[in-house]
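Naming follows writing order (A, B, C and D), and every chain is counted from residue 1.
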Amino acid sequence: MGNSFGSLFRISTFGESHGPAIGVVIDGCPSGLPLEEAPIQQELDRRRPGQSHLTTQRQEADRVEILSGLFDGKTTGQPLALLIRNQDQRSKDYSHIATSYRPSHADYTYQAKWGHRDYRGGGRSSARETAARVAAGAVAKQLLQHWGIGVQAWVSAVGELELEIPYQQLDLSLTDTNPVRCPEPAMAQRMANYIDTIRKERDTVGGIVSAVITGAPAGLGEPAFGKLHAQLGAAMLGINAVKGFEYGSGFAGIRQRGSQHNDLFYTDDKGQVRTRTNQSGGIQGGISNGEDIYFRVAFKPVATIMQDQDSVNEAGQAVTVSGRGRHDPCVVPRAVPIVEAMAALVLADACLLQRTARL
Amino acid sequence: MGNSFGSLFRISTFGESHGPAIGVVIDGCPSGLPLEEAPIQQELDRRRPGQSHLTTQRQEADRVEILSGLFDGKTTGQPLALLIRNQDQRSKDYSHIATSYRPSHADYTYQAKWGHRDYRGGGRSSARETAARVAAGAVAKQLLQHWGIGVQAWVSAVGELELEIPYQQLDLSLTDTNPVRCPEPAMAQRMANYIDTIRKERDTVGGIVSAVITGAPAGLGEPAFGKLHAQLGAAMLGINAVKGFEYGSGFAGIRQRGSQHNDLFYTDDKGQVRTRTNQSGGIQGGISNGEDIYFRVAFKPVATIMQDQDSVNEAGQAVTVSGRGRHDPCVVPRAVPIVEAMAALVLADACLLQRTARL
Amino acid sequence: MGNSFGSLFRISTFGESHGPAIGVVIDGCPSGLPLEEAPIQQELDRRRPGQSHLTTQRQEADRVEILSGLFDGKTTGQPLALLIRNQDQRSKDYSHIATSYRPSHADYTYQAKWGHRDYRGGGRSSARETAARVAAGAVAKQLLQHWGIGVQAWVSAVGELELEIPYQQLDLSLTDTNPVRCPEPAMAQRMANYIDTIRKERDTVGGIVSAVITGAPAGLGEPAFGKLHAQLGAAMLGINAVKGFEYGSGFAGIRQRGSQHNDLFYTDDKGQVRTRTNQSGGIQGGISNGEDIYFRVAFKPVATIMQDQDSVNEAGQAVTVSGRGRHDPCVVPRAVPIVEAMAALVLADACLLQRTARL
Amino acid sequence: MGNSFGSLFRISTFGESHGPAIGVVIDGCPSGLPLEEAPIQQELDRRRPGQSHLTTQRQEADRVEILSGLFDGKTTGQPLALLIRNQDQRSKDYSHIATSYRPSHADYTYQAKWGHRDYRGGGRSSARETAARVAAGAVAKQLLQHWGIGVQAWVSAVGELELEIPYQQLDLSLTDTNPVRCPEPAMAQRMANYIDTIRKERDTVGGIVSAVITGAPAGLGEPAFGKLHAQLGAAMLGINAVKGFEYGSGFAGIRQRGSQHNDLFYTDDKGQVRTRTNQSGGIQGGISNGEDIYFRVAFKPVATIMQDQDSVNEAGQAVTVSGRGRHDPCVVPRAVPIVEAMAALVLADACLLQRTARL
């Protein structure tokens, strides 16, 4: 359990950080979708390590191979299997933690749960697994694009540096023009400098990724437990290092009064029912209302720091764990494509489910 | 889809606010659990409307009837069906919104999705449905109690009034001694006064429910998409009016450095591996580590206010919607048992899954 | 697990033979379907005990109550909960088997699995649970009818009496004109006499229910494990007392050669691709081909006989178990509506899934 | 949907007959199981084409590669991905049917469902996909072996040649000593001759695979829709070319009376509750009773015959389809390991589920 996501557009990922390969099987992608490797590769390149000095120096080409489900350039409705071979596995870097637990990593809990773990780079608990999600998400994005739905994420906070501008005033096309993936150039530069300082201090810092889904029609999502924002929340909280999720007015909204917070309906020029504000974040009663779907995801500081830390080993003895290996000082720049991928997967699933709602 | 929750301890709820009944079928409760109606009824009474002047005056006895799955006072391993008849359905109170959309309710989105809706009291989108969850959660709680696991929630914020004391210093046994369900009596009084003021202004306000799960062993939760906090998050975000979820250090944690944020391991007197701090909120890599599981849930201000608001009707024409019916000025006091119920359901499921993890 | 069936049109049944009630929650029925209690009641009446001297004399009105999911006479897309109260529970009839295992019943295996069981009338293992399936199936039938799909089952064998006529030559409208539910009147009479003889001998006998689904479009079913006949087979094998399932040419087909067995394609007057024969039973590669879907279901002789039988009790001691209670000498007449119900559920699910197959 | 099987021990297969590879992801295999490639390869070799003149001459090494989930020779509880590259793809052999429908194949139905298909060798509808099942089943077998459960299948009928001896009197260790996989040497020879004759006539024939599961404890299986034999039936009916499934007394049992058919309980020397006969096939009320689990699976004659047949093309025009490619004259010898694999998967799943049944 836990390695699959989605109901009708369903993915199952596999693979460990230092095993032969990682990959994903996508079941439920409708037939007839023109699909190429290039856009998948492009998304993988956005997540790929070694993109700048702000990210880990592990070198992985992350070449994707499509093993099934495609014929004459179009999906057949059969499972799409995407494979990415691991290459730059310096597993020896991890022999020092073979029996020790790195603080705030999954070493201890994986050992506690399964009694046997692949300690190399965290094994399956490594964020390397998210490459498989990004590959699957790239397929979902192509499907959504066909339906006129777009998904865009960006870095809105790094440590105490927070972008205060409402997202509607940002030029999101600038997101990928800088290594931080913050669409406001001046803030992006400050964030880059900040991360670099942290890195030199052999430390790490957290941040926030914000995201908006545009073009989603009203009616997506399920009642009760299947609310669209509950699915988005589950998707985001499943990403490594995530500590919180909020949508629309989020945590700040609790301080408002109902009379301020309610989004009043009106009919626009085209006869479309709209809301004057969007505290709802595009979702009401768990179902999309046709406005922008907006949410924010909090990422903790990366657990691996280049410092000595107290810990214990499998025998319960006190040990010192020293940060080694190749790690990111701040995870949010590389998390942007992951957030987009997971959001795209949720939306693709919701769109397919919506086809079955009415007689 | 969307009306079931859980994998091995799985519930399916049904029913509308103004239909004949609401209820829940629980599938997967292990056999042999002594089960009585009284503790279920007790939880329902905590959620029940009409408890104080701070909550809606709808009168519902919320009497639960166990229809199946129980024999000689013990569960049989067969589905438990729990039924609650609706009684105080003043459906006429809703005729004025039969074709109008209440702002920030699910009226518009349900119509957009299904093309046909039960408008009486919001139909299935009403928080009345959560009574079924509370009943199911009460069963899960009894199961967890058997395994030494406790779940406690409390109100930690109402509007701008926020309890700043670390939860470890609170006496949670005081939670139910006041109608707000805040375990700090002085703050509870301030919150009560505040809610009362808001109510008199015919307005509403949001708040935060915090929760702690004690006694959970290390090893609960699944990898990748099934992380324990992702399941808790999905559970909480599925509750009506919830806008955000965070666990451990949450959104505030992003500002910390890794060197501050990491929870260092040590071995305690009993030879148990522990962490010195708990920024992880009891969950590392998605799996419980044996510490307290701690999280917070943000609730928006209730959408129904006793004021006139601009809106549109099904024909897209401008209308004025006037708040009527019986509603809560602040949802968090009654949300406490719902948060506990959902948390209990997640934990029960995780405990059963854990039995299958190892050879 | 095991108490739910279907993926998109999904039912969950609950209840025991001698508990307060049995029922079913249907999740995924599309909104907008006109639904009435009468046709559901009609199907329940076909399955109801006490219809003739050929069936058990237990008296159950089997009155169905729709608790949710219906508004203004149409489905809302929300879960439909259907409740049937038990009435004629002579639970005392079962005190003699409280600790003994009836041969070829589920008494021993339920005890072995759960360690605690409701022995009254077999508890949940009783065929009484199938009333809930019939109720749900009646909803599915109404949905299928809307889509032009019909499901008809009939008794084609009782013991050694077997209807040899190809089903295409039967007048299936005669099925319900006799208590055996065999559409060939002369054979129906012979079967009735035979069952009556068996009953007088305080014994039981098995039989076969055949079924045909008409009007199903090509394209229903899923690949690999989700083949339409695999789903039909699972549905049928889940019915009490079923020992075998075959479709199209079935077991007899193994003796044929490929050159005889293959169904040759041609294009009919209307330009529709058809097959000249239908050994495939309307399903090729697991997907419907537009021809009649045809299958057969084998039912064993009812385990409860009005004779003394050797057995053991919970302590492992030898005991004599005497048939008491009210039971059917042959289950197939009452199985006809159950087979139809399960087939309808499979088809409804397949039709909804088919909506998601293509871009 | 349809490409996954199982609930707790869950497999997802992917791949087409003439694509780059086929494979399977196994999720839910408990950690700590010693696992090697050799026994998986051994099972694949049993299913592999080109084993004798009785089977297709396609040459596939079917080399399995384990991509994940294994560390230091033991499973980690993480998904096991198994990959098999396709090698001998003579896709040109299929250009003649690019737009024509082969009789009794899935060509027409796949086109009808998805509107776009990989026609090369039937694409995903090819029995080549079952290699992935056999690989997964080999893992399940190793797990079951650890628990003392064995699964054995054999050919019991080819065309009209049927093994009449009760399986208890067969020496199943002889099954793999001949290319037909019939454990009775004389009959095996007759069957081999028969298949060879059929092959020379450029025709095909069907058959039956029987199977027995030994060592399964009482208590496996789920109630209602999840009956163990329903799961076995679904598993078997999901195998290519299967037309029927029966267990225990099966179709023949309908002719018996209850007084003959019932399996009487007794307590054996070791104090174990047993049944004197096994018409139940080891399953009562859907739950295993500790006796041998026994079932039979009917396979139709292979659809591809080396003869000209009438058919139509995508445009609906009459065409002649000529058998080409490399095909089996009778599928049952190679079906034996597939039946075993699917049975092992069902049992592994049932064993894990059983761990959650009781408090």
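In this section, contacts are C-beta pairs under 8 Å (C-beta built on N, C-alpha and C of every residue); 3 or more make two chains touch, one makes a residue touch a chain.
Per UniProt, the chains are A, B, C, D = Chorismate synthase.
Fair warning: this is a prediction, and the values are worked out from it, not measured in the lab.
> Looking at B-D and B-C, which one has the bigger number of contacting C-beta pairs?
Of B-D and B-C, it is B-C that has more C-beta pairs in contact.
> Among the chains, which has its CA centre at the largest distance from chain A's?
It is C.
> Could you work out how far the Cα centre of chain B sits from that of chain D, in whole Å?
It comes to 46 Å between the two C-alpha centres.
> Taking the mean of the CA coordinates per chain, how far is chain A from chain B in Å?
Spacing between the chain centres: roughly 26 Å.
> Taking each chain's centre as its mean C-alpha position, how far apart are chain B and chain C in Å?
Taking the average C-alpha coordinate of chain B and of chain C, the gap between them is 39 Å.
> I need the residues of chain B touching at least two other chains; which ones are they?
1, 3-4, 8, 13, 28, 31-32, 75, 77-78, 113-115, 124, 223, 353, 357-358
> Which of the residues in chain B come into contact with chain A in the complex?
1-5, 7, 13, 101, 103-110, 112-115, 122, 124-125, 129, 157, 159-160, 198, 203-208, 217-227, 229-231, 233-235, 237-238, 240, 243-251, 253-267, 271, 273, 275, 279-281, 283-290, 298-305, 307, 309-312, 316-318, 353-354, 357-358
> Along chain D, where are the residues that touch chain B in the complex?
8, 28, 30-33, 75, 77-78, 143, 146, 223, 352-353, 355-359
> Show me the residue ranges of chain B that touch chain C in the complex, using the header's touch definition.
Per the stated touch rule, the residues are 1, 3-4, 8, 10, 12-16, 19-23, 25, 27-28, 31-32, 65-72, 74-81, 83, 113-118, 123-124.
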